[in-house]
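Okay, got some structures for you below.
The following pair of complexes shares a single chain, chain A, combined with chain B in the former and chain C in the latter.
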Partner chain A sequence: MIKAVLSGDMPRSSVLALVLGLILVCLALAPFLFPGVRTVDTAARICVFIVLVASYDLLLGYGGIVSFAHTMFFGIGAYGVALALTHMGRGFDAILVGAAAGALLAAVLAFVIGLFSLRVRAIFFAMITLAVASAVAVLVSQLSGLTGGEDGLTFKTPRALGPAFKFGDELFGVKLNGKLLSYYVVFIGSLVLFLLMLRVVNSPFGRVLQAIRENDFRAEAIGYRVVYYRVAATCLSAAVAALAGSLYAIWLRYVGPDTTLSMEIMIDILLMVVIGGMGTMYGAVIGATLLVLAQNYLQNLMGVAGSLVEGVPVLPQLLDADRWLLWLGVLFILSVYFFPTGVVGRLRRG
Partner chain B sequence: MTSPILATEGLTVRFGGHVAVDAVSCAFHTGELTAIVGPNGAGKTTYFNLISGQIPASAGRVLLRGRDISGQSVSQRTRAGIGRAFQLTNLFPNLSVFENVRLVVQSKAGQGMNLWSMASRHAELTEAAEAILTRVRLIGNRDQTVSELSHGNQRKLEVALLIALDPAVYMFDEPTAGMSVDEAPVVLDLIAELKEQRDRTILLVEHKMDVIRTLADRIIVLHNGALAADGDPATVMASDVVQEAYMGRELEDV
Partner chain C sequence: MSMAPEHAPTMARLSLAQRLAPWMPVLLVPLLVVAGLLAIPNTSSWLTLTVSGLAMGMMIFLMASGLTLVFGLMDVINFGHGAFVSVGAFVGVSVLLLLGGMTGAPSLALNLAAMGLAVIGAMLATGAMGWAFEKVIVEPVYGHHLKQILVTMGGLIVVEQLIIVLWGPEEIYISRPEALKGAITFAGAALEKYRLVAVGLGLVVFAAMRWTLRRTKIGLIVRAGVENGEMVQALGYRLRLVFVGVFIAGSALAGLGGVMWGLYQEVVSAHMGNQAMILIFIVVIIGGLGSVEGCFIGALLVGLMQNYVAFLEPKVALISNIGLMVAILMWRPMGMIPVVKAK
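Moving on to the complex of A and B:
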């Protein structure tokens, strides 16, 4: 049963299985285990980033294709839902239309970019995605009439997903309101998308992608049309990234360039996939969880640590909460140095 | 005689000013094993590259079953029936031995674009891949990662991938190069077996005289990219041009 759900791709390490199980339980019960606006918000962000990073892993870790346009696809999905909810009213139909349109547009755009550049060389694709993503980011900030420009768009989601909607009293001290439902839309949506991707990477198609990453020359010589597979992977990955963006928009009830389109997020995605372990899918779970937690709590942790060593020379300055980015960088370098195959690769080796 | 399955007409490629393959016209028939010989740099591998499509020809055509395939990509030609094992081992280094062969079997079954089923649940692909591994005596290394394999076993796997593909035209480029004396016979026996089937066309680039003597139905000689001799083994080996220029030096009995 579990094997079927995971498409036969078992964690293959008891520690990894334990960690993954723990993350799953924490995310599934986040509103009950960690009540609080900020913590549930963190949990939702982890869910969305797991899907986003996993879709990037499909491209980079399985297909060996480097793309810098992943946040663009993420943004297309988010803006799709935002625009649909703004113009069609706050219904579930608007969410469906927006998400479907976003995913479709992302896939079409990926198809065009892929067909033009993947024929040539994989590195050319990376450069094109960088150019297109920058152009789209500029476009979004310029078309402020439609997109809200730098300010972004604030919109209303269906009433049933808002805090004002109550469907019961309390359960274990947690208010049964629309915000709770909204979290579970994000959680279940993310879980389903993740399991679907796990399915894809373990399908015959996923195996071909791995073969292409390993040796595209030989993949072609045993009969696989490499360009087709690369383009298909790009489209699929773009569509899933867009759906992750849609989930994020539903949760935030806001979209803006900073939350979906920025290069900073693109760098986050890269860090998450590398730290977690490329080409494993489970690496996305570990990487996204670790990094989102670090981003949210490292600052606090350092504030505490800084006050503990008050009076000692130099240390308080180093541990100043404003230096958290520096420490994140240090953590990243250490993790890549000690776990070149990512956390998952390290755990699987035992 | 029946019409040839594979033919090259005036096949030529130039690298800058250097003509690596020079107007080679040659036809190959089903059931025939042709040995291709010539000194280092004669253009044997390049001739293969032109036939299987890794390099576009500067001039001339490649015909498969009478159809011009010069414009086709490598994968198209592979699916049309031209298979290739490489002189320099060319595998999927971080995948298992089994997965390497399974990928070929899967390609042949046309399952590559299947996104939904589980690859590991395709029992027919698994069985076919294991059968190939048994044939090339690599079943004991089934789950080993290719990069950990000995050189000899990597060469065997190189051949295994071609056998798994089972094309109409087999092209072997020095399949036993660098193999030990006890490893080489496994590969040579497989080639002999293929030849006995009499329904495949085999092109074999080989330096070892005794191998050619036992296997070849015909020998063609390339020299500076051009076809220097073509005929049955006894005649070609006895010909002056071959005796003097190449055989004496190149094909010294090993």
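Moving on to the complex of A and C:
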């Protein structure tokens, strides 16, 4: 039964299985285990990022294609739901329409970009996505009439997902309100999407992608049209990223360039994939959980460390909480060199 | 016995289109300029825009040329190239701020000397940085595109953050040297002096680069290395050394471009390399990865296009370069002047 749900891709390491199980239980029961606005918010962010990183891993880890437009697709999904909820009223139909439209637009855009760049060489894709993504980010902040510009959009989700909606008294000391429901929409949505990605990479399609990653020339010689597979993987990955964006918009009830489109998020995704382990869907779970937790709790610690060494030249600036990215960058380079298979690869081998 | 293949030479002259085809990339620049003249009703503003487009193109070329050569020679794609642009700009601007007395004086010679010192400082700094970057970051990942992209991107992030540590997170505003401020009027059009300097400098660098590549021994080795590296090594040349040299030169040129770009915008920020990277990539792709001439033409096209469209339809300017790239890739999927590899 478990094997069927996981599409036959077992963790293959008892430690990894234990950690994954722990993460699943913690996320599933987050509102009850860690009641608190901030902790539940962190849990929801972890759920969304697991899906986002898993969809990116389909591209990077399985397809061997580097994209810098993943936040763009994420943003398209988020803005899709935001615009639908703003203009169609606060109903579930608006969410569905917005998410579907976002996913479709993301897939079409990925198809066009893929056709232009992947038919020549995969390396073009990285450069072109970088250019397109930055153009879209500028466009979104310029078209303030539609997207709210830099301020973003705040919108109302259906009543049933808001804190004002109550459907019972208390359960284990947790208020049964719409916010709880909203968390479970995000959680279940993420779980389904993640299992779907797991299904995709363990299907024959996923195997062909891996073959192309290892040796595209040979894959072509065996008779697989490399371009078709690469473009299909790009579209699929973009659509799933857009759906993750929709979930994030439902949870935050706000979209803005900083939360969905910024280059920082793209860097976060890259780090999560590499640290968790490229080419394993479970790497996405580990990477996203580690990074989001570290961002929420370790970053403050760094600031404390920075204030401890006050007086020493340069060190305080290096340890400033705003220089978080510096250390992530160093960590990123080191992990590409020394742990290309990431945490999951290590656990599976060990 | 099989027959010899039919040999039927045609003595007819090639049609005009066929004879023009190889020159199309070069002709695109004047074509775009003429198109600009037709679209912009006012001749003097057209002239102003053309000069600023050319200046912008030259600066982009300075920044992009290193990237395309490095790729052509060693198949190394450096996503951290923008870091050299930022560092060059910051070093150059710091030198100029130190030499405030020289830049403030209304003497052209003193101003140019200050500019020269700033440029030399920036090029030395970025050249040295390029050497370190190649050793520490790029060398371990030769022949592995995926890792190159990831690792050099990481390098870009680290350098960007180090700039913030060293120079602070604020943008630095800088005014141009006194004698390069303002504009001269020619045929009713105002031409900014600084832009003319940028055009001149770009032309000089392009000519020098072309001369080095076409007329010197080292250029011969570089060109041969682009076409077939293994063969060059078999003939006894240490291509690795040549490559390190090209990497350093390319980084230094990016630093030069960074100083010019910083003075052009009159402000430098740690993210400017990242923004320049986008234009650099577009230029390198439409030019044909590895081709210096293609890079030059591509840079001019992007510069002109950006200025014309920004004048005619400001909102569209953001995506005009993407549109240009799409159009050129539809016409020639490998870029305007594809590099032929003997493999």
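Keep in mind that, in the parts below, the second predicted complex is superposed on the first by the 311 of 350 C-alpha atoms of A that agree within 3 Å, B and C clash if a C-alpha of one lies under 4 Å from a C-alpha of the other, contacts with A are read in each partner's own complex, and residues count from 1 in each chain.
Methods note: a contact is a pair of C-beta atoms (placed from the backbone, for glycine too) under 8 Å apart; a residue touches a chain by one contact, two chains touch by 3 or more.
In this text the structure is predicted, and so the values were computed from the model without any measurement.
*Asks:* In the superposed arrangement, does A:Arg225 touch chain B (first), chain C (second), both or neither?
*Replies:* Only chain B; A:Arg225 stays clear of chain C.
*Asks:* Please indicate which partner A:Arg199 is in contact with in the superposed arrangement: first for chain B, second for chain C, both, or neither.
*Replies:* Once the two structures are laid over each other on A, A:Arg199 reaches chain B alone.
*Asks:* Applying the touch criterion given at the start, work out whether A:Val208 contacts chain B, chain C, both or neither, answering first, second, both or neither.
*Replies:* first
*Asks:* Classify the contacts of A:Leu328 with the two partner chains as first (chain B alone), second (chain C alone), both, or neither.
*Replies:* second
*Asks:* Which holds for A:Phe217: it touches chain B only (first), chain C only (second), both, or neither?
*Replies:* Touch partner of A:Phe217: chain B, not chain C.
*Asks:* Under the stated touch criterion, which partner chain does A:Asp41 make contact with: chain B (first), chain C (second), both, or neither?
*Replies:* So A:Asp41 meets neither chain B nor chain C here.
*Asks:* Enumerate the residues of chain A that count as touching chain B in its complex and touching chain C in the other.
*Replies:* In chain A, nothing is touched by chain B and also by chain C.
*Asks:* Tell me, which parts of chain A touch chain C in their complex?
*Replies:* These residues of chain A touch chain C: 60, 64, 66, 116-117, 119-120, 122-124, 126-128, 130-132, 134-135, 138-139, 142, 263, 267, 270, 274, 314, 317-318, 322-323, 325-326, 328-330, 332-333, 336-337, 340.
*Asks:* State the interface residues of chain A toward chain B in the complex, per the touch definition above.
*Replies:* Its residues touching chain B are 7-8, 199-200, 202-208, 210-211, 214-215, 217-226, 228-229, 232, 236.
*Asks:* Taking the complex as given, what residues does chain C use to touch chain A?
*Replies:* Interface residues on the chain C side: 77, 79, 137, 140-141, 145-147, 149-151, 153-155, 157-158, 160-162, 164-165, 169, 274-275, 277-278, 281-282, 284-285, 289, 315, 318-319, 321-322, 325-326, 329-330, 333-334.
*Asks:* Okay, in this complex, where on chain B does chain A touch?
*Replies:* Residues in contact with chain A: 52, 54, 73-76, 78-79, 84, 86, 90-95, 99, 102-104, 106-108, 111-122, 161, 165.
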